[in-house]
Amino acid sequence: MRKSMPLNTLRHRYFQLLDGEQAFSITGKLINGFIIILIVLNVTGVILETIPEIGEQYSPYFQILEVFSVLVFTLEYLIRVWISAENPKYGPGIKGKLRYIFSPIALIDLLVILPFYLSFFINIDLRYLRLLRLLRLLKLSHYIRSMDIFIKVVASELASLASAVFAVLVLVVLAACVMFALEHQAQPEAFKSVLDAIWWAVVTMTTVGYGDITPVTAGGKVLAILIMLLGVGTVALPAGMLAARFSEELQDRKSAMTAEVINALEDGELSRNEKSMLARLSNKYGISEEDLNQIIRNKKLELGHQLHCPKCGAHITDKI
Amino acid sequence: MRKSMPLNTLRHRYFQLLDGEQAFSITGKLINGFIIILIVLNVTGVILETIPEIGEQYSPYFQILEVFSVLVFTLEYLIRVWISAENPKYGPGIKGKLRYIFSPIALIDLLVILPFYLSFFINIDLRYLRLLRLLRLLKLSHYIRSMDIFIKVVASELASLASAVFAVLVLVVLAACVMFALEHQAQPEAFKSVLDAIWWAVVTMTTVGYGDITPVTAGGKVLAILIMLLGVGTVALPAGMLAARFSEELQDRKSAMTAEVINALEDGELSRNEKSMLARLSNKYGISEEDLNQIIRNKKLELGHQLHCPKCGAHITDKI
Amino acid sequence: MRKSMPLNTLRHRYFQLLDGEQAFSITGKLINGFIIILIVLNVTGVILETIPEIGEQYSPYFQILEVFSVLVFTLEYLIRVWISAENPKYGPGIKGKLRYIFSPIALIDLLVILPFYLSFFINIDLRYLRLLRLLRLLKLSHYIRSMDIFIKVVASELASLASAVFAVLVLVVLAACVMFALEHQAQPEAFKSVLDAIWWAVVTMTTVGYGDITPVTAGGKVLAILIMLLGVGTVALPAGMLAARFSEELQDRKSAMTAEVINALEDGELSRNEKSMLARLSNKYGISEEDLNQIIRNKKLELGHQLHCPKCGAHITDKI
Amino acid sequence: MRKSMPLNTLRHRYFQLLDGEQAFSITGKLINGFIIILIVLNVTGVILETIPEIGEQYSPYFQILEVFSVLVFTLEYLIRVWISAENPKYGPGIKGKLRYIFSPIALIDLLVILPFYLSFFINIDLRYLRLLRLLRLLKLSHYIRSMDIFIKVVASELASLASAVFAVLVLVVLAACVMFALEHQAQPEAFKSVLDAIWWAVVTMTTVGYGDITPVTAGGKVLAILIMLLGVGTVALPAGMLAARFSEELQDRKSAMTAEVINALEDGELSRNEKSMLARLSNKYGISEEDLNQIIRNKKLELGHQLHCPKCGAHITDKI
């Protein structure tokens, strides 16, 4: 820490390796691969620990894995906070660092190491501590690029989803109460209260159908048939809507990309600047390089056919 | 009721708070939030009352909640009838009031308080009275804006849905009858009549699959396999169609909104009048302010690229 | 049969009532309603007859219903053959009649009455005769208009559906054989042969999940998890594809309709001839009158905004 | 092998019969039909052999079928390697042959005969040998044309599918661990370790719902309800996305085909060359001849309405 320049250069290099352009270089892949493997090992560990024979026999190994993982994740967290200054999204200075620290992704990174340190000061039930370790799975979202489209689609459909969820809840509660009235006397054990009927209604309407509680009266069966036929549609609706919206979002991004390509091609050629601009945009929109190249090829072809005024022979620049 | 003006002003104020522009002010949110909480409390109450221990022990509290809720909902109903004159949809005068009183949403509001008053005059079985209280859930539809798109989509797809439902019913009845012929002798108890077979067919085709009745003969199993493979597709079809149609409806509304934006942008700028007109339309179409702003931004950009007349070189204002 | 004209007039009147423009007049609705009710009664009868107590007690009534229904359906069949000459689809003369008699819809009409007459000559097992009566359900397809879109969509997607069904079958057979190898020794009773494993695979992949056979070995459970996650997607795919295709077909028909509207509006107005032509087309495309009117309104509006060359002031007729 | 010409002619004839233009001639259909039937017989054989009574009694017949099938498939494999030179995709010479031999479809053809020959040299457990025979099912992909669209769609959606699968896995693991913590004490037998809980979570979230393990505590049931409602949507999403993408891909191919048709129609007519070019393209895009003809008809109609240059009054050939 004697000179600022080399430190900044180092910071820049780390940023490039973890989040930047060199994330796909060999060193970058090794680092990221190591962290992914460690996450998967951690989750596997939590699961295996619950198998009595394994949990007892290999207990010390699980503890070593835990300490080692926490050390690595702590180091990763500190480095990520340090290099956040290189990310234009957060910016430099204390303010930028705080912006990063309170971003969801950094909070997850903190949450997965915090319980370990806290357990020295306060007495946490070991069982729940173990469960918290599972949140390390969420660290994988660093590496899933299309996750942000996923989140954006869900967010943009919230209003429509709300009405579908509302319909589902109303159906569940109404069905449960009527079913309770119909079946309570015939099966006082299975349908003890409306809560049991709600359990039945959700198990039925999601088509899980365990079969632990089923109606036995004629009225109950008729109601159940109606609920099944209605319920299937209602519960499947949100997923169908999300899927359609997802597909549209991808289409919209392609259209936006195409508009940019047309713009860049207006003079008939792609300059180097325009190419790198398009590459940056395609990265932002989550469009693969292959798809980008195909869009450019198509548009070049299309611009070959232009409107001709057959008399004056002049071109009419048209947009498609 | 001495002077008409202040009363009208009061009515206008209440309308703004409950349904109008001030519904999202702090007072408006408090009032609406209070009613929503009361509805949720009511439904929770009905459910908890059926749990024997709780139902007996807290019986007086449930009764207090009931009386209080009915009073509040009655007050709300009367106020809503009174302020309906402010809503251009119903209009002023006795005629407007009647139009409001017989609108579906007002009928629901009436239906959820009526049983309480009726129980003084006629002897209603308490159990069914309790179930009617659940209809208070439907009062929540005051607050779900996208509900009307939902209803419109279902209505516009009724013809297509009818053919899908018809296919499902035909499949269910045919499958049940053939299954009955195949399994009746092997399992006279499980498949007593075609009604049991219909129960089996619906449970199977909706993929609920309780497992309370399953075919055991070879023929029955072969038929069941065919029914499952066919049934899944047929029963899932209506939900898929609704989802696709829903997504289109949202798209159509965006297109209609876009057309209005282009129209308003024809002179290159948005006047204040045009802006408020667009805001009103976006509210009507259920399009969020954010989406509206993005449409305006996009269209402004697009109008930058224009057609050129090749002879005179002048711009030609084009629609997209 | 003394004079040809009145008979032809009568034939024309019957055609109008059953299939033509007067099907929605009061008399037409009464006739069609009567047949629909009779069909529903027949199906209900077949189902109720299988309930032992009812089947024995009301046996004579079921027989009366049967004879009455066959008489009505025979009369209907003969009238439909007779009036088929009025339908331009089949044309007049013996040739037209044969064309009608061998159309799918006429074959169904024949099939639902034939077994009754045949039972006088050959000895048919009464139980199977009863099942054949259920085919009367298919007569309802006379009255479901969107059925032809349904059939057309399924037909146009046959190639894509084939590949999905092929994928499902391959998955089922492969899964069943591997599961048999894994579970046969642990559960020799449940997994007696690959046939049992196929039953398990179909029950699982369609997510019906009766639970009558489930894997118990670790290997079997791991395979089952893979099959479930893969199977759900594969089996749900055809339904999703059909739903998307259905929605497109409706969209295509609207586009075709819109093109015709634009064509008819070219001179700025709709003549009476054009209007009736559009009405006929909308009927053929299965587009409701309401939707047609909205298309016309939209297109009229759009043709109001035209391209102007700002210098010469001339209109440029553009298509959208 | 005395003269090269007749051999080449023979090779060309075989190519035409198996993969080329004569595959739909009578001889071609007979050959292909024979192979398809043999594949189906093989798979049926593997399944029937596992039924104890049949397997023992008809053992020699199964062996004859096996030897006969391997001979036929070996012959087919050798002929396909030989005629691969006729396929422009692989090209002539040793290099072309190697390219064919290592193509996926040729590797499958090899894999289904290899185990038989290997069993002479190394000792393979007969049970697993039998399972390998099932891979012969995959040979059917020679005959499923739309399979490549299917594969292309899955490949192009891999990124989006990855995020959905990631969401499913995270949900499964988190749900399983929390469920284990809630239910382990109440049902130590059913929920022995988190592995059992994972089995429960997958069975529930895919809506299979065997009912072999179900939560019994209040907390477990509440968690299960949340998991069901969330899980249904998450697990159904990938299938919905694939279906939407599939439908788009078919649409894109139609658009590409339409562009080619417009191009070919630019001079107002279709020359013979253009027609055969379009036919080849439609084959490549998997578009039926009927659809192609409809596209041509539509485009011819559309080109009737043309843009007018307002000054000179001349037609302007426009693309749509």
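In order of appearance the chains are A, B, C and D, and numbering begins at 1 in each one.
The rule is simple: contacts are C-beta pairs under 8 Å (C-beta built on N, C-alpha and C of every residue); 3 or more make two chains touch, one makes a residue touch a chain.
From a predicted model like this one, the values you see are computed outputs, not experimental measurements.
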Worksheet item: Which rotation angle, from 0 to 180°, best lines up the CA atoms of chain B with chain C, given as a multiple of 5?
Response: 90
Worksheet item: Once you find the CA centre of chain C and the CA centre of chain D, what distance in Å lies between them?
Response: 28
Fill in: Set of chain C residues in contact with two or more other chains
198, 207-211, 236, 239-240, 243-244, 309, 312, 316
Practice prompt. Treating touching as the only link between chains, describe the layout with one word: line, ring, star, complete or other.
Written response: complete
Discussion item. For a test of understanding, state which residues of chain C touch chain B in their complex under the given definition.
Written reply: 43, 46-47, 50-52, 127-128, 130-131, 134, 137-138, 140-141, 144-147, 149-150, 168, 198-199, 202-203, 206-212, 235-236, 238-240, 242-244, 246-247, 250-251, 286, 288, 305, 307-312, 316, 320
Fill in: chain A residues touching chain C - in the complex, by the definition given at the top
207-211, 240, 243
Discussion item. Which residues of chain A touch chain B once you look at their complex with the stated criterion?
Written reply: 159-160, 162-164, 166-167, 169-170, 173-174, 176-178, 180-181, 184, 192-195, 198, 204, 207-211, 214, 221, 225, 228-229, 231-234, 236-237, 239-241, 243-245, 248, 263, 309, 312, 314-319
